[in-house]
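Shared between the two complexes below is subunit A, which has subunit B as its partner in the first and subunit C in the second.
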Partner chain A sequence: MARGVPAAVFFGLAALGPLVVRDAFLLDGLILILLWGATASAWNVAGGYAGQVSLGHAAFFGLGAYSAALLGTRWSLSPWIGLLVGVLLSTVAGLIIGYLSNRLRGPYFVLATIAFSQVLLIVASRWRGFTAGSEGIPVPFRPGFWTLGIADKRGWVYLVLALGVLLYLVQQYLERSRRGYQLAAVREDEDAALSLGVAARRLKVVAIAASAALTAVCGALWAQYVGFVDPFYVFSVDLSVRFALAAIIGGLGTALGPFLGSVLITTLETYLRAQFGGVGAGLIGIYLIIYGCALVLVVRFVPQGLVGWLGDRLRRHGLAGTAP
Partner chain B sequence: MSFLSISGVTKRFGGVVANRDVSFEVAPGELVGVIGPNGAGKSTLFEIITGFYRPDEGEVRLEGTRLTGLSPDRVCRLGVARTFQKLRPFPAMTVLENVMVGALTRTRDVRHAREHAREILERVGLGDKAHAHGRTLSTGQRKRLELARALATRPRLLLLDEVTGGVDQGSIPGLVRLVRELHRDGLTVLVIEHNMRVITAVAQRIVALYLGEVIADGPPDVVARERRVVEAYLGQAYAQ
Partner chain C sequence: MSAIPQLVVSTILLGGIYALIAVGLTLIFGVMRVVNFAHGEFVMLGMYLAFWAFALLALDPYLVLVVSLPVFFLAGFASYGLVMRPVIRESHNVQIFTTVGLSIALQNVALVLWTGDFRFVRPAYYSVVVRLGTTAFNVSQIVAFAVAVLFTAALFAFMRWSYAGKVMRATAQDRQAAALMGIDTDRVYGLTWAIGIVCVGAAGVLLAPLYPVYPTAGLQFVLIAYVVVVLGGLGDMAGALLGSLIVAAVEVIGSYVIGTAWKEVLYFLLFIAVLLVRPAGFFGQRGAEQLGA
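Now for the complex of A and B:
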């Protein structure tokens, strides 16, 4: 089986979705699967390919979401401009975090990323005059592509599908290109990579900044799709964990993994919310327990992620070739 | 002008002096051995030449270009490659990919790098292992992989840290032959070696370190008989 086939099947099925399905609930699920898959992919650029595990990526997601929302509400600017601004802000923030990654290792780096997202949460929730504080801000709906006011869910499917394919291609680049090999070397053994002429520090910073920028793109589109930005959601550690979880469950440092992880996590969450959402505070947090169990099971039984597991399965059934 | 010049290099770690005023030169095309008992400062000197450590005093120059103060990747791009005493193949990569990382320092083209890596694997005798994973190799094969990776960066100066250390007796002659061939093809080589028989057979010149200082520098047979070297290795009783 050729390398790109599983991805072609996955994105092909997603593209066929709106032609077959009319149900708004299912289309919403498809949109979220693709969107969260794209976000987990953006996380994967730093966490998987560069080996810089962050639990603060909600910071970049939130920067994207807030940029699009605030520029739209305060100055009536197009969300596309907001998206660009979010990307710029996140790139700068990513460069700072990337610089930190050269000073802090392992758990200390993870803690720094969490702290960073929490600082942004505090700013966004307290700066009432500008961000509307903890109430959050509604994103105005203005019909048209330039204003990203797409009423038809099918339109959104194709928009986030394009985003998903873009993120997939970015990851493919990281698997096959010169930079990709060098980044993998840095991840595996930084000193050995340095001794072979790889500019390890710069490469890590660039990877983290790129990951941040791509996460901001996802955040900006998400804000337009959902229509409301709540600081306690977009800057939450929960959200950061979800990006990481989807990538880890799907397969760290694989291009299709984050999307497969997203299929699992997004459907699970949607289902749980529908089941337990209204029952009362007692069960609302149940998804955290289930995430935890899912993570333990994956790390214990399929440490290479769903992609690795599926690849093994396919090979065993005589379909030669490598996992996507 | 000398090819590699090490002048007045001193490196302290707290109160321990790992290198004290180390100075020597290496001529182009020379194969120089660095010997000394454990803790003599051989590996520290390598780390300083390759930019992993910064000396407290002194400097290292390659054909007049100052290496001291440059990052390890810059030093590599200037033509200095090294192997590590503790072998460190990239575990998730195949043997070929390991070598490609080195090759990609000299070319932007992945296909070129792959071809170059294949040629080098053939040369070090790992041609049939291209698609194996680093962790499945024997120690001797890993040494060859380290060597291949370093060679792929097209070095002018090669630093080898313990080529035969930890390798079974049967693999030693092959590795020694390989180093000799590389040297004969024009590479300047600086090699740390514990095995005296290997080093005296291979090196044109030996620099002996003891407690961070150069205690002898000359042809192998002379250095091996030098009183201070024998003392350093075996203790004073044997030096009579």
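Now for the complex of A and C:
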């Protein structure tokens, strides 16, 4: 199997989806799979390829969501402009965090990122005059592409599909390019990479900033699609964990992994929500119990993730050359 | 200026409780080199234990405290054997995600079993206020503080003088050398984890009469505990005490000066500042953050 074939199959199937399926519920599931897959891929740029595991990425997602929602509701600007502003803010924040926390490794870096997202959560939920505080912001629906008021779910599928393909290509670049190899060297052994003349520090900062910017894009589109921004959701540690979880289940530092992880997680969540949604809100917690256990089991038994595991399987049976 | 004595008293009382949560976290990190991201969930479980004992059996939280010690010791050993032991020699990332997964699972087990409602433990002495000079404080706060100090002191004595404590410190200093000296490091880790969980579970029981009980109640305390332990130097117990007092002071004075709504921003900013300026904290080893250990 040639490199890139599995991805072509995956995105091809997603593109065919709206032609075959008309059911709004299923299309909604497809959109969320692609959107969460894209977000997990954005996380993967820093967490998987650069080895900078963050549990504060919700901060960048929230910056994107809030920029799009606030510029739209306060100044009636297009969400595309909001998206750009969100990307700018996140890039700057990512550069600052990346630069300042460069010395921190392992648990220290995780703690620093959590603290950063908590600061934004507090600001967003308490600064009532500007952000509407803990009530959140309903995003008005204004029809048209420029205002991202797309009523037809099929339109959304192609929009988030384009985003997904973009994220896949970014990750492919990190897998094949000189810069990607340098990043892998930094991830595996920073001191060795430094001694070989790799600009480890700059690479890590750029990777974190790029990851932040891409996460903000996902956040802005998510806000427009869902139509409501709640500070306790978009800045939560839970959401940050979710990005990481999809990437880990699918395969850290693989281009298709985050999307496969998202297929599993999003499908399970959508299914259980539909099953238990009416019975009792508490039962929705079941899928989070499964997430938690899955996380513990995956890092222990399949640390290479689904993509790596499938690749091993195929190779053992002599079916494939390389992992996707 | 008349508020100063009250601010001092509030700081010390709050600091005592933070210390009890933080010493468990810092002990586990010091010996096992693991940041326990599920630490807050054991606070939550302690709070629920106190709540259910109070609601169903009308047991006073301070009586439950005694019962909670063996319960959390066993829970600690069980969670170590099931979850932590297999990953104790793995990379930081594996350990981080293992404890994060444990945290999510426990939080949501509580949500499914006991719903997300806020629950309260209100013993008869709940509203008793003690006045001393110009200061006033709640009885539950004093008891929580006293027990927290007692616990922390006992833990210090245990680590300093008991054989098991010496073995734990030896393992903390050099796990390979400890193993070469015939120390069963696996048992040491199990014991460390269990003791850390006992501390934090007891803290949860003590906090139940003071704060609402709900599935994510642990998060607010554990975030504070991270600030405390990094401030004092991850793994350093005396540092955790000092860190607790500083964070409590920031919180109390911040609430007084700029209002309760923004006080959390202060200690997170303090946290970020410490991580940037001196990530090793007051007493931690310089450069530890670069090794990630």
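Note that the second predicted complex is superposed on the first by the 313 of 324 C-alpha atoms of A that agree within 3 Å, B and C clash if a C-alpha of one lies under 4 Å from a C-alpha of the other, contacts with A are read in each partner's own complex, and residues count from 1 in each chain.
Keep this in mind: a residue touches a chain if its C-beta (ideal position, glycine included) is under 8 Å from a C-beta of that chain, and two chains touch if they have at least 3 such contacts.
This is a predicted model, so every value here is computed, not measured.
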* Asked: Should the pairing of subunit B and subunit C on subunit A count as a clash or a fit in the superposition?
  -> fit
* To do: May I ask you to decide whether A:G12 touches subunit B, subunit C, both, or neither, giving the answer as first, second, both or neither?
  => neither
* **First, second, both or neither for A:E188, with subunit B first and subunit C second** => first
* Asked: What's your read, subunit B or subunit C touching more residues of subunit A?
  -> C
* So, A:S177: does it touch subunit B (first), subunit C (second), both, or neither? -> first
* **Inter-chain angle, subunit B to subunit C through the CA centre of subunit A, in degrees rounded to a multiple of 10** => 80
* Is A:G227 in contact with subunit B, with subunit C, with both, or with neither (first, second, both, neither)? -> neither
* To do: Using the touch definition from the top, say if A:P138 reaches subunit B (first), subunit C (second), both or neither.
  => neither
* Tell me which partner A:L196 touches in the superposition: subunit B (first), subunit C (second), both or neither. => first
* **Where subunit B and subunit C come nearest after superposition, their Cα distance in Å** => 12
* Asked: Both subunit B and subunit C touch subunit A; at which residues?
  -> none
* In the complex of these two chains, what residues of subunit C are touching subunit A? -> 29, 35, 83, 86-87, 90, 92-94, 96-98, 100-109, 111-112, 115-116, 215, 219, 223, 226-227, 230, 234, 261-262, 264-265, 268-269, 271-272, 275-276, 279, 289-293
* Sites on subunit A touched by subunit B in the complex -> 176-178, 181-182, 184-185, 188-189, 191-201
* To do: Spell out the part of subunit B that touches subunit A in their complex, as residue ranges.
  => 50, 52, 71-73, 76-77, 81-82, 84, 88-93, 97, 100-102, 104-106, 108-110, 113, 149-150, 152-153
* Contact footprint of subunit C on subunit A as seen in their complex -> 51, 53, 55, 100-101, 103-108, 110-112, 114-116, 118-119, 122-123, 126, 237-238, 241, 244, 248, 280-283, 285-286, 288-289, 291-296, 299-300, 303
